[in-house]
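In the part that follows, the structures are each spelled out as structure tokens.
In what follows, subunit A forms one complex with subunit B and a second complex with subunit C.
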Partner chain A sequence: MIEVMLILFAPLIGGLMYGFERVLRARMQNRKGPPLLQPFYDMYKLLDKQAFIINPYHTVLGIMHFLTLWTVVAFMIFGQNLLYIIFLHLLSVIFIILAGFSVNSVYSHVGANRELLSALAYEPILIIVAVGFFMMHGSFDISVIRQNSASIVPLFLLFLAFLLLIPLKLKKSPFDAAEAHQEIVGGVEIEFSGVYFEFIYIAKWLEYVFVYLLLVLFAGNNAVLGTVLFLGVFLLVNLVDNATARIKMKHVIQIVLGIALTLGLLNLAGLSYV
Partner chain B sequence: MYATLILAPLLFALTVLISPLRLRNILSIVFVLFLSAVSIGMNLTLHTPVEASLHQLFHPLFILLDTLVLLYFLWQGVVKNSSLVMLLALLQIVLFGIVLSLSAALDSNDILIESTSTVMYLLINIVGGSIIVFALHYIESEAFGRFKKNAFIAILFFFLSVMNFIVSTNNIEIFFLLFELTTLCSYLLIAYRGEGVSVENSLRALWMNQLGGVAILAALIFSILHYDTVHFDILIANIEEVYLLPIVLLAIAAFVKGASIPFDKWLLGAMVAPTPVSAILHSATMVKIAPYLMLKLAPAMNGFVSLSITLLGTFVFFSAALLALGKDYFKEILGYSTIALLGLMMALAALGTPEAIRACLVLLIFHAISKGLLFLQAGILEKNFHLKYVNDINGLINHSPLVVFFITVGFASLTLPPFGAFIGKFMAIESIAAEIAGSPLYLFALIFLALGSVFLTLLYFKVLTKLFAKDMDAEAGNASPHSPTAYAEISKYYTFPSFLLLFLLVAGIYISFEKELLDSMEIIVPLLLIGLVPLLFATLLFKKAHRVKEYNCGEKEQIKLNMYYFHMPRRIKTYIALTATAALVILMAGVVL
Partner chain C sequence: MFRKYRKKSPWILHYNAGSCNGCDIEILAALAPKYDLERFGVINTGNPKQSDIFLVTGPVTFRSRERLVELYTQMPEPKVVIALGSCTCTGGVFRDMYNVEDGIDRYIPVDVYVPGCAASPELLIDGVVKALEILEEKTKAIEKPFRLFKEASSENGIINRRHSALKVGEKDEED
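Moving on to the complex of A and B:
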């Protein structure tokens, strides 16, 4: 029952995380920042806007992106197979990419292209992280991983590799070229508006839930460690976001694939020798 | 029953050769239905392996056929002025002579039908049959004489017969004959159009496949000399760890047939033939011999051989996917993805754990169905819309939603849950992950697999984005003469086989549900999600929403956006081919030493 509630409230939790992040970032920059509930006020305001659509394919694919991502989060909360979840997540990414390409807008195309390229960078790493968990726990099932004790020490290098993915997945500096408001005005988001943009907006929150649910897997059944990890990484990611500048997509792929893949490989090779 | 599957298509081939058009079409459909029914019957009734011996009189007949085929190759080498074909044919004749001069004492049955064979029957007859139905109409739109058109269909039926036989035989000598016969079929089909490029590519396909023939003959000689047998089952049962040469040579023959890098050129060259040829080569016949043979050999492999083949297979998977990213020709993209997936299937077969073998079979079946479906669409694009290049498919959804639907399902079924090929890849990752604890070298296999599958997904969806993109030309009213016209009529001969393959895909989902390859939730949920897309298209009319042009930051200029490519320098291709060749050399050297 608690799981169903969690799934239903997952977008709200994601929204709160997003709101908290904005407050935190403002404090880091010595500003007051928006209230915690600002994302929800934004949502409410969007409801009032006139609805514009470019073409039905674009809008439907955007809605599907949101629905699939919610399903992914639901599967995670239910403790399903991690590898399967990674592929289902890929499906949600594919929907948004197809949406980006279905309109004749340069920014949308560039954004969708970059989205594809970042999927190219993080998918293999996610698969390797899943294999790392499999080697530790003998199963891909999240429910098993959650029951066993924390695996962050033996999987430390994989954990570092995963840290590199978080800014990429959440589109934070220095890996935020896929969204890059100053140059491509949000990429795939640009052509969504009004009530249909809400789906994309909530999907962004769900992305937070997805990433941090993956993160706490490293803590296993240790709730305290899980909380510490979550808060620590949340702080770190925002600190890095504030302190760094955006880099080119080409370099994002080189850095993420180069470093994270090496770290992951070393970790798995080490595990197989133990 | 197996005799029906082998002999009936031969008879059918003769019948269609001399029938007039209408009769030929009706008969072919009946024949295909008959073969499908028999193969389903075989699959349902076979519980224990069937063994049988062929009559003594057959052996001289097979030897005669062998000699004729080899002499034909030699003659083609002379006529077409290809010294390579000539030399290889001569080499094969000499080796074949040596094989005939030796005699093996340990005897076994010529026919051995296991569950793998019956799965192959299903593939060959149902998927291959659908492609024949497709070919009936396709070939009519080509400018050839009546006899040549009928011969095309006849060769396809003959191909089915050979394939049905090759998966039933236990005798390596007969296997060699059938291997050469498939080479012959593909040679004739690729050269079918008879122009310069076709002849050139068919000769390349011929000599590359002859290499496979040479490898089988060498394997036969070593097998007779050392193990005193020409039968697969005895060879595999008596295998000694220190003498795996025959097994490795047969595996190399499989690599050749499976168009694995560095032997990939022949399959890509086969694109010049009429599209049903590509469809049948890629999905139901020819290349599928490779994983089948590898599955047969898997129990005899030791750690070194199995590891090397797994690494090489996954490397091929990765590199073929990488190379495909720089391509624009629709059939070439499909071709590279076939090479990639075959590499993966062979890797899994060589891995040999029960789960890996299951994954291999799942991939084998679903790859055949999906690739068949996609190649049929390639044929429709070519015939109805005169489209060959992906970049020109702009906005096909406005002209033929049906073809877009088939292409989308075809690509989706190769990558996404809950389709079979996805399940195969998923199980592949699981089974390789399970091996890493034993040997860290499998890590490389895992990396290749992870990167390769992401590349393939990228590739497929790169193509798909083009289908949904807006059709700028049509909107501006300056459609070129080759642009598709609105809602083109597509012949029933084209759509019927496509629907049949689609039905097989759906049936496959049901079977994976029954066999519990995935959790029921894991199958139903994505099915609902994917089903929701057309439903939303149909129901959400967005009546209240205002239709607007793209915001595009207020830019008014009309733009035409083309597809993006990944630049693949030539040297990358060379490096990949060199690496694969080096791997084969290391494999051979390791076994000989």
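Moving on to the complex of A and C:
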């Protein structure tokens, strides 16, 4: 029962996280920042706007992206197979990429291209993380991982690799070339408007929930460690976001595949010897 | 029902229709820590399809007028237009120059005029607050921009195009 409630409220939790992040970022820049519920105000406002449909596929793919992502989060909360979740998540990313390519806008194409490249960069690492959990606990099931004790110490290199992924996945500096509001105006989301943009907007919140749910898996059944990890990483990611500038997509891939993949493979090799 | 939330999350599209950049710097100043427009939920989106407030600076040069109208028509209703700076309202220091169209209200319906050369951030904030009041009243009915001016006529030696203005959708006899 509590799981069903959690799943239903997952977008709201993500929205609160996003609102809190905006306040936090503003405070870091010595500003006051918007109210905590600002994302929800935006959401209500978008409901009341006129919506343009570029073509039906574009709109439907956008909604599919949102629904798949919600399913991914639901499966995570239910404690299903991690590998399956990662591939389902890839499917949701593919939907948004296809939506980006289905319109004629150049920015949308560039955004979709970059989204594809970043999927290329983070997907192997997500799989390696899953393999690392399998080697530790002997199962891909999230419910099993949650029951065992924390695995952050033996998987520390993988944890570092995963840290590198978070800005890429949440589109934060320095890895935000896929969204890049100042140059390609949001990339894939540029042609969505009104209620249809709403789905993309909420999908962004769900992405937060997805990433941080993956993160707390490193803490296993240790709730205190989980909270500490979540808060620490949340602060760290926003600090890095405020303090760095955007880098090119090419360098993103080089850094992520070069450093994170090496770290992950080293960790796996170490695990198989122990 | 959702009308009251319009006021709480105005997203701005800023377009520079050939301004001298003085007013654009003031916009940045308004977004920066001292005035911090984001505390009212203002975001500078840069994407016409997701914005509510069209913030224009500059006197509309001959080259920028088509983009101005295009951006205006790409914004979903309800929307408001703010003309920021003297030159955007009336042409200001650029008035009656051969390459300048003397203010954006010859092309698109303007809701709020913010004077000043350059307009100060305080005035800009007042303008945005006024615009939000108007935004709350608006419906989703479509407002039409004016048609691009065609032939220039010369009158006492001053060239202008304002006599050949038509609204978009109005019957054009010559075509």
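Note that in this section the second predicted complex is superposed on the first by the 274 of 274 C-alpha atoms of A that agree within 3 Å, B and C clash if a C-alpha of one lies under 4 Å from a C-alpha of the other, contacts with A are read in each partner's own complex, and residues count from 1 in each chain.
Operating definition for what follows: a contact is a pair of C-beta atoms (placed from the backbone, for glycine too) under 8 Å apart; a residue touches a chain by one contact, two chains touch by 3 or more.
Computed from a prediction, not measured in an experiment: that's the story for all the values here.
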Subunit B versus subunit C as contact partner of A:Q29, first or second or both or neither: second
Which of subunit B and subunit C A:S272 touches, first, second, both or neither: first
Which superposed partner A:D48 touches (first subunit B, second subunit C, both, neither): second
First (subunit B), second (subunit C), both or neither touched by A:F230: neither
Partner chain(s) touched by A:F20 [first = subunit B, second = subunit C, both, neither]: neither
Which superposed partner A:Q38 touches (first subunit B, second subunit C, both, neither): second
Which superposed partner A:V185 touches (first subunit B, second subunit C, both, neither): both
Of subunit C and subunit B, partner touching more subunit A residues: B
Contacts of A:F156 with subunit B and subunit C, given as first, second, both or neither: neither
Common ground on subunit A, meaning residues reached by subunit C in one complex and by subunit B in the other: 50-52, 185, 190-191, 193
Contacting residues of subunit A [partner subunit B, same complex]: 50-57, 59-61, 63-64, 67-68, 71, 75, 80-81, 83-84, 87-88, 90-91, 94, 97-98, 101-109, 112-113, 116, 119-120, 123-124, 127-128, 131, 134-135, 140, 185, 190-191, 193, 196, 261, 265, 268-269, 271-273
For the subunit B and subunit A complex, residues of the former touching the latter: 397, 415-417, 422, 426, 429-430, 433-434, 436-440, 443, 446-447, 450-451, 454-455, 457-458, 461-462, 464-466, 468-470, 472, 518-519, 521-522, 525-526, 529, 532-533, 536-537, 540-542, 544-553, 555, 559, 561, 564
Residue ranges of subunit A touching subunit C (in the complex, touch as defined): 22, 26, 29-35, 38, 41-42, 44-52, 181-182, 185-186, 190-194, 197
Contacting residues of subunit C [partner subunit A, same complex]: 1-3, 5-6, 8-9, 11, 33, 36, 38-41, 45-47, 49-50, 52, 76-78, 140
